[in-house]
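The chains carry the letters A, B, C and D, assigned in the order they are written, with residues numbered from 1 in each.
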Amino acid sequence: MSLLEIDSLSLTIGDTQILKGMELSVAPGEVMGLVGESGSGKSMTALTAMRLLPHAARATGRVTFDGIDILAATEDQMCALRGDDIGMVFQEPMTALNPVKTIGEQVAEGIRWHTKVTRAAAEERARQMLDRVGLPQAKFPLSRYPHELSGGQRQRVVIAIACALKPKLLIADEPTTALDVVLQAQILGLLRDLVAESRMGLLLISHDLAVVTEMADRITILRRGEVMEAGDTARTLSEQLHPYTRQLAQASMHVPARARTHDTSQGKPLIQVEGVTRDYPGRRSSLLKRAAPIRAVDDVSLSMQPGQSVALVGRSGCGKSTLARMILALDRPSSGTIRFRGETITGKSEVELKPARRDMQVVFQDPYGSFDPRQKVEKLVAEPLHVLEKKPTRAERREMVAHALHEVGLDQRDMDKYPHEFSGGQRQRLSIARAIITRPKLVVADEPVSALDVSIRAQILDLFAELNQKLGIAYLFITHDLTVARAITDEVLVMHDGKIVERGKTTEVLDHPQSEAAQALVAAAPDLHRAIARKMQEQG
Amino acid sequence: MKLWKTLLAAAVLAVATATSAFAARTDLVIGIPLEPPHLDPTAGAAAAIREVTYANVFEGLTRIGPNGEVLPDLAESWTISDDGKIYTFKLHTGVKFHDGADFSADDVKFSLDRARAENSVNAQKQLFAAIDEVDVVDPATVKVTLTHPQGSFLYNMGWGDAVIVSPKSADTNKEKPVGTGPFKFESWAKGSSITLLKSDHYWGAPVFLEKVEFRIVPDAAAAVPALLSGDIQAFPFFDPDSVSQVKDDPRFKVVVGATEGETILSINNKQPPFDKLQVRQAISYALDRKAIIDGASAGLGLPIGSHMSPANKYYVDLTGHYPHDVAKAKQLLKEAGLENGFKATLKLPPTTYARLGGEIIASELRDVGINLEIIPVEWAQWLDQVFTKKDYDLTIVSHTEPNDIDIYARKDYYFNYDNPTFKKVIADLELTSDEAKRKELYAQAQKILADDAVVGFLYELPKVGVWDAKLQGLWESAPIPANDLTKVKWSE
Amino acid sequence: MTAYLLKRLAISLATLVLASIVVFAVLEILPGDPARLMLGMNASADQVELLRNQMGLNQPLLLRYLHWAGGLLSLDFGRSYTYSVPVIDLVRERLAVSLPLALIALALSTIIAIPVGLFSASRRGRAGDTISMGAAQLGVAVPNFWFALMLIYVFAVWLRLVPAGGFPGWSAGISPALKSLLLPAVALALPQAAILARVTRSALIEVLNEDYIRTARAKGLPYRTVLWRHALRNAMIPVLTILGLQFAFLLAGTIIIENVFYLPGLGRLVFQAITQRDLIVVESVVMLLVAAVIAVNLVVDLSYAVVDPRLRSRQ
Amino acid sequence: MTLHIDIPEETLSGILAKAFRNTAFVTGFVITVLILVMAVISYLWTPYDVTKLIIADKTQGPSLAHWFGTDHFGRDILSMIMVGARNSIAVALVAVGIGMGVGVPLGAFAAARGGLVDEALMRVNDLVFAFPALLSAIMITAIFGPGAVNAIIAIGIFNIPVFARVARAGALAIWPREFILAARAAGKSSTQISIEHVLPNIATLLLVQGTIQFALGILAEAGLSYLGLGAQPPMPSWGRMLFDAQTRMVVAPWMAIFPGMAIVITVLGLNLLGDGIADILDPKSRRQR
């Protein structure tokens, strides 16, 4: 018998249909993977099971947990289930914990509420639980506050809260999406162990096919509120019977076609970074003692050739974005120099920087946040024209914008629209159009595809590759995702704790990492090929 | 509306009867509009000092009665020498100051000498200017010698500034007044109230009240509810503008008396175009005194035509001199070459009559083409800008000193009025003692002021008292600023 | 934490010093001569000049500032021109009215506002919320002096339940004194309560949308428990900010209400002192009020740190 | 505390459609427009001339001839409320203008510069905030004399730090956005970025604060006029009408009731309008129906 049984569930919020005839089941001890792109209704499925839906939501169908009709249960019954029999882990560890309560209080609270034990007993159990999730008492006493922990540590606390009473079912909604690959591997390992230990059912929700494949026994693929395909993980993904399943799997493994024409060893370097260091003032612990500064980038040197595509990879917080900003002259190094086309750009004023700015542009991660919503596309894409020697006339400007839009696969009529009229993928195309309008020599792209769904992401990677070929633009890709690096770059720089620890041809570094940091990254990176292979093996 | 009022009245009455089960009361809360700066009448000009202390705490040789008459006080009787220069006062005996000190002729000499001394801070030093010498004849007799005969001497000795103080307490009277009166000072909560208690060993006729509290209510808006709710039982100086609120209420008595306050629209006679007689006359024609009295003084107060109270024996009725006549006013302005009108300012001190009257006058003068900008000022600014620096066009103020027509002859007075003929009349008055002749001169003076339209003469400020209908013995008029409580009692 | 505290203290002190200079300078340009006002219409120019000398008004500016500021430090505020008593005594007397009034009003508004805010936030969008927030909207829109006038006429003049104004003094007993502070306190408190209720509600609603509320609900805690244990404390920061502002407002902004009820409080003292050009009183009281505002802000800042542990470790 | 700004991504027609489904906005909008229309009409026509005093008609109760009664000078209260609206609106609006005109650039500048400039400007802000606003307004009018212009200055000065604070907080929330970084990468100066990107994005925030300060300005003007420090006769003002009414509450309560209601309704309308705008433009605060 299934632990959780969802039967022809339909859900509407206001006038919007979120789920249509949704079917899903989780057996005790089973890991069910729920996969889908953004907006497919994954999270709403989880919230329905917890009955924590927004007020305006209306659900029909049947949801039973352990024989209890969830949709018909009283609020008191639900309170008894939540936290005790069903635990839940959320996506965003930074905001999932109450900032004004200690982690001990937050873990012990559910224990006390459900078991009515004394505070001391509840705290003892909380301590054991935190110890179990890898936050030992000695280093992480119960009196710690959430803000004193890192993202990965906070996610461990959230897991401790969810698993404190050994629930029968654990629901994990994108538990690792906000974490870097190494942390992701750790958290997934922890979840796997906890589930195995107490024979919990796990409903793992993710957009990442590789993650789900590695973890799940069975898989349900969701698209726009409807189940496309469901079944045994290994079989479903190896056979790829449903066209959508195939589409997803292929996009996840997509590598753009690139002809390697740019020789990397000759000519003058486009960019030279020499012994660059960036310190931020540290927190003062007392009035008299000035804290040691935090060194974000530590004596980094590198150089890039024109037309070269280079990946800068590393875990979150390793200093790669700071380095990128300094290259873009948006931040000043504490020491060291950066030369662009042989000219020093460090310590220059905005006016002096103008020629350099013309030749280097940027593409950001968030396709939503990188456009001013108050301006039309024409103005937004034309913004870098500001640095041109001669200001183009309005007609010239429109012509240039139209051309740039055409190059990124958008219609020139789009220039009179506002950014919110575009989808995420289209916006990233706009972002690229803005970056290439001045015909720059260098584009710095900071995690340009990590916020995109897999199918869109494949298209954008293709676009990057195409432009690299056509316009000879050099790329500096900042990413923590090795598949991106593998897909589109010639060279990889691995950064760790502010230092560059490894550098080499992309395939060489990723296939045979030398440094510890690179090895950890490679080992942790989810890979659909490998995952399917492993699954097939397990099942024989 | 009617029913609503009846219901409310019933409710109020019900609550009122439930709380009003008192016998003959001996306490009284009196509302006064201004807080005295201190309580020594011999060291300050503020009327508020006298409103609390006069006849209650402090007494003089003589006193002024409710109708302005001179009555004996600490002096039981007196004789005047034939040349009118020597006054011999016979004093009451057995009188004690509140601190227990005995009152004697020495205190009289001390008080009068102190008041007229070189370094005296007395606000009315001119009252004592005629005194040549004060001699103690015996503990109950004082002889005062004048440099020249002075008809008003006994009256002067009745002023609040001439009260008798004890040398022991003279320096501390500001904070803790000690006098010979029927009430002794109890406490002063600054900004709020001053409390007097009945004195145990008063020499005169016993008073009826045991405790009197002077509550400071600067705001007419606050006075009405305080009266209506019974918190305060008497406002001897009530804002005429608020009278309509209580005049139909049987619980209260509204008493309208006279003051010596000529309320005038002062004009800066040197400030063009007001230096032109026609302009000033035009203003006088433009003024509608009835509307002003109705609008600014609730219809109370008598119109005046010159600077003299209608209650004064030298009064001449000149109210017909400039009847309200807009056409005539315009005609005069045309003659002055100002047929298109002009702009001027009207600075208003913070009294109700000035602020309300100012609005009406501005409206009336607008009708003849004079556009006034109203500038409200605080007393401090008024004294500084208008009175001292004469930086004004028009202003409204009430001149409350009795018999003060001579101010128009003063040098550098803020009217900037300079008429030798008028000055001559006033100088003659000083030297004239013949009553018929004096009357003639006073009439002449009033006529000159009216002819010259020196200022716009408006009306005589009424003294409006409102108090509980059961309260008896409060003064109806105010010949001098005072709240004499010696005869005040609650009817059964 | 200590660094944070010391920095806040230093800033507060600097603000205070700047404020004293501003106050002094502003009063210097106030038109009107206090000496002339004290002596009245009949005094001669010589007499006025004499008094100005006695009052020290003819000394150089800087000297007078230093003298005054130095006095403030040792709580010697000088003597009132009009009352000729030490300013500190006046202030003490008036504070005995204003401080209880402000505290009662603050307590009243808090007692009314927080439950209403909680109630509204937890019934968001329902009839109870609509009605109480409608009332709050009205409360914010009513000028407090007009409200006070209406209160006087209903409760003091018509129903005669409380005095129409005035203050009998604490010596008259606690009960009559409190009774005469009741209406002013209500007139002050209700509009403030309306503001506070709105802030409480919106702060709560903001917090209720946070992820950690969902975490707490996922633990199985009922909605009410989550509201009290998790939401309220997090919603306290904006509420505390408004409370701090309100206390400052209540202590100083009672000028109008004290005038309506003719209460002998600080607000009226300073208003009268301005009209009477009792500069020394104005200076001292304004500085006192400014110091109170700064102190309250400091306390509020520090209480943020008590409420929010994140601020404790920040500088 | 950080301010979170959600930038609505909607078309104008979408916003308008939403606006007219929002009860608070519609009510506030209708009231505000009515008051504005009343003020405009008063320039062309009022039932009676408010500068003409007819003492004989004083303190008459509401009737067909005088809907809201007459005041102590026999002026028609309805006409005075109409003309008074002009004064209240003018004072509050110009005061908001002063506050925005000075405060917003200051706040935006402080946010753009950061560091010492920011610190110094915010300390000056603190200094102004440390003075109880009404008290300072009284002092200002004591120095320069009472009158509408000085009331505007007094109220306007205290709007400056309010807008500076709001603008700074809003700008600080906008500055870390990637589109600002993009503009910087495009070589725009901080002034250009403030004007082109920051200000348009905090405009709604300022609009909401503007309606709040407008409403507060009307209350403040009424308070000052009530103390006799606001607009001077013959210009009618609501606060002044209440000042005149308070001594006549027993015999002429209409003199207090109608101007008081005019203030309440106007302030209510503006507050509802502000709430409505905030509601419509903040996607997070969508009401659940």
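The rule is short, and it goes like this: a residue touches a chain if its C-beta (ideal position, glycine included) is under 8 Å from a C-beta of that chain, and two chains touch if they have at least 3 such contacts.
If you're wondering where the values come from, they're calculated on a predicted model, not measured in any experiment.
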Worksheet item: Among all the other chains, which ones are in touch with both chain B and chain D?
Response: C
Worksheet item: From chain A, which chain is the farthest off, judged by mean CA positions?
Response: B
Worksheet, complete the sentence: Per the C-alpha means, the centres of chain A and chain B lie apart by a whole-Å value of 87
Item to complete: Mind checking the centre-to-centre distance between chain A and chain D? Centres are C-alpha means, answer in whole Å.
Response: 45
Fill in: Between chain A and chain C, centroid-to-centroid distance (C-alpha), Å
50
Worksheet entry | Euclidean distance of C-alpha centroids - chain C vs chain D, Å | 22
Practice prompt. Could you tell me which residues belong to chain B and also touch two or more other chains?
Written response: 221, 225, 228, 350, 378, 381
Discussion item. Using the touch definition from the top, which residues of chain C touch two or more other chains?
Written reply: 31, 125, 149, 153, 157, 259-260, 275
Worksheet item: For chain D, what residues touch not just one other chain but two or more?
Response: 142, 246, 249-250, 288-289
Worksheet entry | Chain pairs in mutual contact under the definition given at the outset | A-C, A-D, B-C, B-D, C-D
Worksheet entry | chain A - residues contacting chain C, complex | 50, 52, 55, 75-76, 79-84, 87-88, 90, 92, 95-101, 106, 109-110, 113-114, 145, 147-148, 158, 161-162, 283-287
Worksheet item: For chain A, which residues are in contact with chain D within the complex?
Response: 14, 54-56, 328, 330, 350, 353-354, 357, 360-362, 364-366, 369-375, 380, 383-384, 386-387, 418-420, 434
Practice prompt. Under the touch definition given earlier, write down the residues of chain C that touch chain B in their complex.
Written response: 31-34, 36-43, 45, 82-85, 89-90, 93-94, 149, 152-153, 156-161, 163-167, 169, 259-262, 264, 268-269, 272, 275-277
Item to complete: Using the touch rule from the top, collect the residues of chain D that touch chain B in their complex.
Response: 51-53, 55-56, 58-59, 61, 72-73, 142, 145-147, 228, 232-234, 246-251
Response to the item:
Note: in the complex, chain B contacts chain D through residues 1, 220-221, 224-225, 228, 239, 241-242, 244-246, 291, 294-295, 350, 352, 355-356, 358-360, 362-363, 366, 374-378, 381
